[in-house]
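In the two complexes that follow, chain A is the common piece, with chain B as its partner first and chain C second.
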Partner chain A sequence: MKFVVVRLAQLIVVLLAATFFTYSLTFVADSPEDVVDKLLQSESGNETRRAEVRRDLNLDDPLLIRYGKWLGDAATGDFGFSYNAQEPVADRLQTRIPRTFALVLLSQVIALLLAVPAGIIAAWRANTWVDRGLSSTSIGLLAIPNYVAGLFFVFLFALQLGWFPSIVSNNLNPSSFTELAQPWSWDLNSYILPALALSLGQVAVYMRLLRTDMIATLQEDFIGMAKAKGMPTRHILFRHALRPSSLSLVTTIGINAGAAIGGTVIIEQIFGMPGMGTMLVTAIFSGDIMVVQGVVAVIAIGFVIINFVIDLLYAALDPRIRSA
Partner chain B sequence: MPDLAHDEAAVAAATGADLDMLDGDSGDLPKRKRWGFGFWFSVVWTVLIAFFSIAAPYLPFVDTPGTFAIANPSKAGPSADFWFGTNENGDDIFSQVVNGGRTSMIIALSVVFIGLISGGIVGMIAGFFRGRTDRIISAVVDTMLAFPALVLALAMISIFASDGSTVRPNLPVVIGSLSILSVAPLARITRGITLSFAEREFVTAARTLGAKNGRIIRREILPNLIPPMAVFSLTVIAVVIVAEGALAFLGLSVSAPAPTWGKLILAGRDDLDTSPHITFFPAGVMFLTILSLNYIGDVLQGRFTVREGAL
Partner chain C sequence: MLLTLCQQATYGRRNDVTSVTGRASSQGTLLPAAIGKRSVTSTQGGNFVRSQSTRRSTRLLALLLGLAMVAAACGGDDDTTDNANPDEGPTDSEPDESDAGDPVPGGKLTYGLEADTSTPWTPAKSVCAISCHMIMRSVFDTLTLFGEDGSVQPNLLESFEANDDFTEWTLTPKSGITFHDGTPFDAAAIKVNLDAHLTSFLTAKALLNVEGVELSADGASAVVTMKSPWNRFPVFLSGQIGYQASPAWLTAAEADPALEAAPVGTGPFVFKSYEVGSSFVATKNAEYWRADEGLPYLDEIEYRVLADAQARKNALLSSDIDIMHTSAGLVISDLREDDSIELTENSSFGETNYTLMNVDNPDSPINDVRIRKALAMGIDNQVLIDRRGAGIGQQANGPFSPDQAGYLEETPYPAYDPEGAKALVEEYKADTGVSSVDIAYTTTTDPANLETGELLKQFWDEIGLNVELAQIEQGSFIVTALSGDFEMFGWRNHGGVDPDSQRIWWHSETADAPPALALNFGRIKDDVIDEQLDALRQTNDEDEITAAAQAINTQFGEQVYNLWGSWTVWGIAKDPKVNGLDSFVLPDGTPEIYGNGIGGSHQVSQLWIGE
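Entry: the complex of A and B
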């Protein structure tokens, strides 16, 4: 239990650091007057509007107080107002979050589905041509940036073979978590290529980790015991060896999910997918700082939640941690 | 019949020999470890890229960026005149890849340099003095490592390169923002290596002879840090090349005219169906470069037995 509490505290520090970093950056680069200019654009001559924005963003308070107020609002789900889109940031986030979440989740599922069997086979057949082939493949996979993979999949599976759509169709995205839970109501098919592109590098990471741990596990006495009892190989590998070998894999899922969230920004752009990444990029180009802060905050929160869940899972997998 | 027993020896050997996968000779474990084909290929490729990046402006078969190319055929496939074909403006893609590699390398090396200096100093202080200093530095570094750095780099670019209506990042902004990717990993790895050297006999000996901390760091620790740090930097260079490409995809890399690999890959996106060579030649060069850097890094790290996991 103590382990979980300590980790949660660490994760909250990460959350605060990331949001404060983004928040303060805006005001390191620009004076409050510049910020108002950027936000109002053509209207920046209008003094009443300027006063409104100043009040809205608490620009007359010192930085720390302002950040505190922003954080307090964010905690209640209020991420401010997007002057570019003329709507509350939270409204748009609400429809975008399920899409990016779906993409990250799908990519992790694909990565694990490919990596776990590959890792087990590589460890079981360690140092044979199978293992060498799989390891070489993983070195190759690690050298393919996700955007190159994305373009390649578009070229091969969408344009040449026509198996999947090359873009994520605009009207068929899940706009809430309720819709997300009903995959038939949105276009799951068009999410497969982006998720695959995102998962490629992670397949290699997971496979290598599992292989190393599995090789160590297979040398343990209890495996020899299971073998001596005449248990089928598949049973030994999946039932006995997989669980104790999966600990370092599980711990890195959190970090990798973080990398995947970063990757969605680019992958969404390639597949024209209206998720959080697209929202972030649009906001960056239009100088919509409230949206940038909102998206970074949501990514940070998502990151913290994922890592916390992973920690709980870790405790469930390893009884030694639970009792400690 | 597959069974586990006959793999016992292989399993035992695997833990020591898993880095020679591409060599093809790890199965029978040669007495003296050879570098192997994969390693030499990677070295030759890396040297080639380095040579082209440095010599780009002086090579006769490399067009200078922005050359008037209207006389060339548009979107032509690879040929003797245009080794990688041409793009829609008739620019020779080979020349662009060479020039783009130059920009990408300048960015990557600058970012790694910044990371080595700042991360290196911080990591060395943490590893050498330990105690509270180490705890504070480690906490900051762990926090930085925990968050997807690309998102923060994007946030930095959005603020430092935007005037409200357009975003035009210049070289220093791109380098500065990407440095967020290199500082924390290099700080952590320096700390780990310093930690392992700070307890060694030669350091104790120097201290017994009356050497001050500054001298010990300069004369005893630093020379030992350089080889493993140089090796780890190869991996970081690869990471930065990929990250620059990611920025280019979002239109947030160095603004025109300088091409980068990322921008070249992106340029062919709309013609993927009809002229895939525009995208896949630069992408292939980038792939081989990252592969080579990672592989050299992997092999040399195995030789120096410096692995992040062991730190």
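Entry: the complex of A and C
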């Protein structure tokens, strides 16, 4: 329990730091008046509107007070108003978060489905041509930026073979948290290519990590004992060796899942996916700072929560962590 | 292209404007004095190029005109290649709909747009570029449109009439038309919409000559009073100024800005949903005032924002979208080679890609015409076109392309002469005592635009200038230009043939000193240009209009207020099953000029999906 409380406290500190950094960055780069100009654009000469925006964003308050008010609103789900979209930021996030979450989740599933068997086989056949072939392949995958992979997949699977769409449907499921909880309703056909592109580099990382740890595990005495007892290879690998070899992998999944959220910014652009990445890019280019702050806050929250879950999982896998 | 940055759109056709009598007929049609219908075969000069035109003669492309306000968006097709090569002539893919049969109602069409530059959708506040006009035309109708012969025709209006000296225009609406929310479209609605423009921080500058709008004694017409004669005022009613929004919606949106994202007009489609930067969906307006003609044919139209031109092309080729527009030369070039799609190109009266300069900043070297000339003489535009546009493009020598009134084969604009440029820079340094001539060139965050900027910088470095590159995000780009806080901007503007429509960009009356917003972004204050623009507005004589426009062109060349680059070509590419692209007709049954004069856009109510 203490472990959970400590991790939660750390989580809150990280969230505060991330959101304050993002919030203050906006006002370091631009004065409040510049911010109003960007938000109002062609109406920036309208003093009435300027006063409204200043009031809405509490621009007459000191930065810390302003941040505190924003944070208080954000804690209740109010991320402010998008002057570009003319709607509350939270309304847009409600459709975008599920899509990006689904994309990241699918990319991790694909990465693990490919990496775990490959890592186990490479470890079992260490220093053979099988291992060298898998290792070389993983290095190759690691060297391919996900946007290059995305473009290649579009060319091959969408344009040449016609198996998948080159851009995703705008009515992409999930577009709500309800749909997010119903994976069978997801528009998987639209997700395959972007998720695959996003997962490639991670396949390599996961595979190599698992291979390294598994090779070490397979040298352990208990594995020798299992072999001596005549246990089937598959049983030894999956029942005895995989779990103690997964600690580094699980930790990395947490970190990589957070990085994958960042990767969606590019992948969503390539596939025209209306997720948080597209929303962020559009907001940056249009100077819609409330959206930028809201999206970054959500990404930070997602990153922290994922890592918190990973910490809990890590502790479950290795009881020594809980007592450390 | 050089820089696909900002664009406005006031389009028109030379024959149109120059031949207009300026006298409204009793039928409310502004007729050309001499129709002068030119048959543009489109082999050279880029006019309306129908690919595979060997199978189909090229249509006459007449006058384009209509005001589309401010330069916007820019966002579009990465600026790598904005110009298809007019010299390449007609290409090998043509929309041949001759055997398409009768229009079939129903179906959903997905349209790939280059940008989302539009919210709010209230016409008096929207910074409306090409993509915006596509969407606007779906939901709104304009008061007037252009006929294929270049004449201005009533659309929502029953008639428009001027008094003898063109200081008063009477606009009479068609009866029986309602907005999507049930509000009647009438003279009062016209007044509300025009009043919104007159008080707009954005569009009021376009109507500086308007004294006011009142209802006629019987309330059946809106009477627009001018400060001075304005013979081509109806031209402005075919563009952004002419979009008619529901007064009830405008009022509601004023109180609740969130409603500005849900436009209400009289148009063929009714707003359904909008996701910023992603999509705009509208459904068939079953009560459309032209429903007895079967319009619109489509049940639903969805605009998908796909900023990357290659991604847009891929989406079309993989049938994820049905139709798209682009001004990216490389993409147009690719599409020409693809037999699975149909491509229509339009380079008539297109925008000019150029470097916009703030010439009224006393602290900037650009204030000195010698430096401006040196900047111009230092650029090899052909190299720029070759490298940034794969050799596709036509060098511009002024703001007017070959189809526009005011075009000159030879202008005083400086030719590429790096040695001469160096001499001018040295002369400037000697006179002013400065050791370095520092100038800032700003573009958007689009990497392609930065690459163009880097190439320009290389040219200017070679002649001894110290040019610093800067990037600012799209959202700030237009506002920065409006406020005059820049030295040089990558830009795109000045499409259309009616020189009068360029007035807002060049006349000193719209060159408010920074930080006030000014549509004359470069703060040009030139007596010659002012005088010629005034003359344009006061005459109906085609020769006089042309002469005045050419005088403006010449003055631009001599004073080098901008650095001209190339002229834009637009391509509309579609799946062959999409029909009706060029079949839109005016309410009286006569053909409309393609796209109503705004390159890269067209009407959508007439589109239908076949087998």
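One rule holds in what follows: the second predicted complex is superposed on the first by the 305 of 324 C-alpha atoms of A that agree within 3 Å, B and C clash if a C-alpha of one lies under 4 Å from a C-alpha of the other, contacts with A are read in each partner's own complex, and residues count from 1 in each chain.
Note that in this section contacts are C-beta pairs under 8 Å (C-beta built on N, C-alpha and C of every residue); 3 or more make two chains touch, one makes a residue touch a chain.
Predicted, not measured: the structure shown is a model, and the values here were computed from it.
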Kindly say whether there is room for both chain B and chain C on chain A in the superposition, answering fit or clash. clash
Once chain A of both complexes is superposed, is A:292 in touch with chain B (first), chain C (second), both, or neither? first
Quick one: classify A:31 as touching chain B (first), chain C (second), both or neither. neither
Among the partners chain B and chain C, which is in contact with a greater number of residues of chain A? B
If we overlay the two complexes on their shared chain A, which of chain B and chain C does A:92 touch? Say first, second, both or neither. second
Can A:212 be said to touch chain B (first), chain C (second), both, or neither? first
Output check: A:274 vs chain B and chain C. Expected answer is one of first, second, both, neither. What do you get? second
Output check: A:185 vs chain B and chain C. Expected answer is one of first, second, both, neither. What do you get? neither
Pick one for A:127: touches chain B only (first), chain C only (second), both, or neither. first
A:284 in the overlay: touching chain B, chain C, both, or neither? Say first, second, both or neither. both
Is A:162 contacted by the first partner chain B, the second partner chain C, both or neither? second
Chain B has the stretches 25-33, 43-51 or 61-69; which one runs into chain C? 61-69
Which chain A residues come up in both lists, the one for chain B and the one for chain C? 37-38, 41, 154-155, 159, 269-270, 281, 283-287
Would you pull the chain A residues touching chain B in the complex into a rising list? 10-11, 13-14, 17-18, 21-22, 25-26, 28-30, 37-39, 41, 123-128, 131-132, 135-136, 139-140, 142-145, 147-148, 151-152, 154-155, 159, 212, 215-216, 218-219, 223, 227, 233, 236, 255, 258-259, 261-263, 265-266, 269-270, 280-281, 283-287, 289, 292, 296, 299-300, 303, 307
List the residues on chain B that touch chain A in their complex, please. 2-5, 7-8, 10-15, 17-18, 21-22, 24, 26-27, 139, 142-144, 146-152, 154-160, 162-167, 238, 242, 245-246, 249-252, 262, 265, 269, 272-273, 276, 279-280, 283, 286-288, 290-291, 294-295, 298
Quick check on the complex: what are the chain C residues that touch chain A? 70, 75, 116, 119-120, 125-127, 201-202, 257-261, 274-279, 281, 302, 304-308, 311, 314-315, 317-318, 320-321, 444-445, 473-476, 478-479, 482-483, 516-517
Where on chain A does chain C make contact in their complex? 37-38, 41-46, 81-88, 92, 95, 154-155, 158-159, 162, 165-167, 170, 269-270, 272, 274, 278-279, 281-288
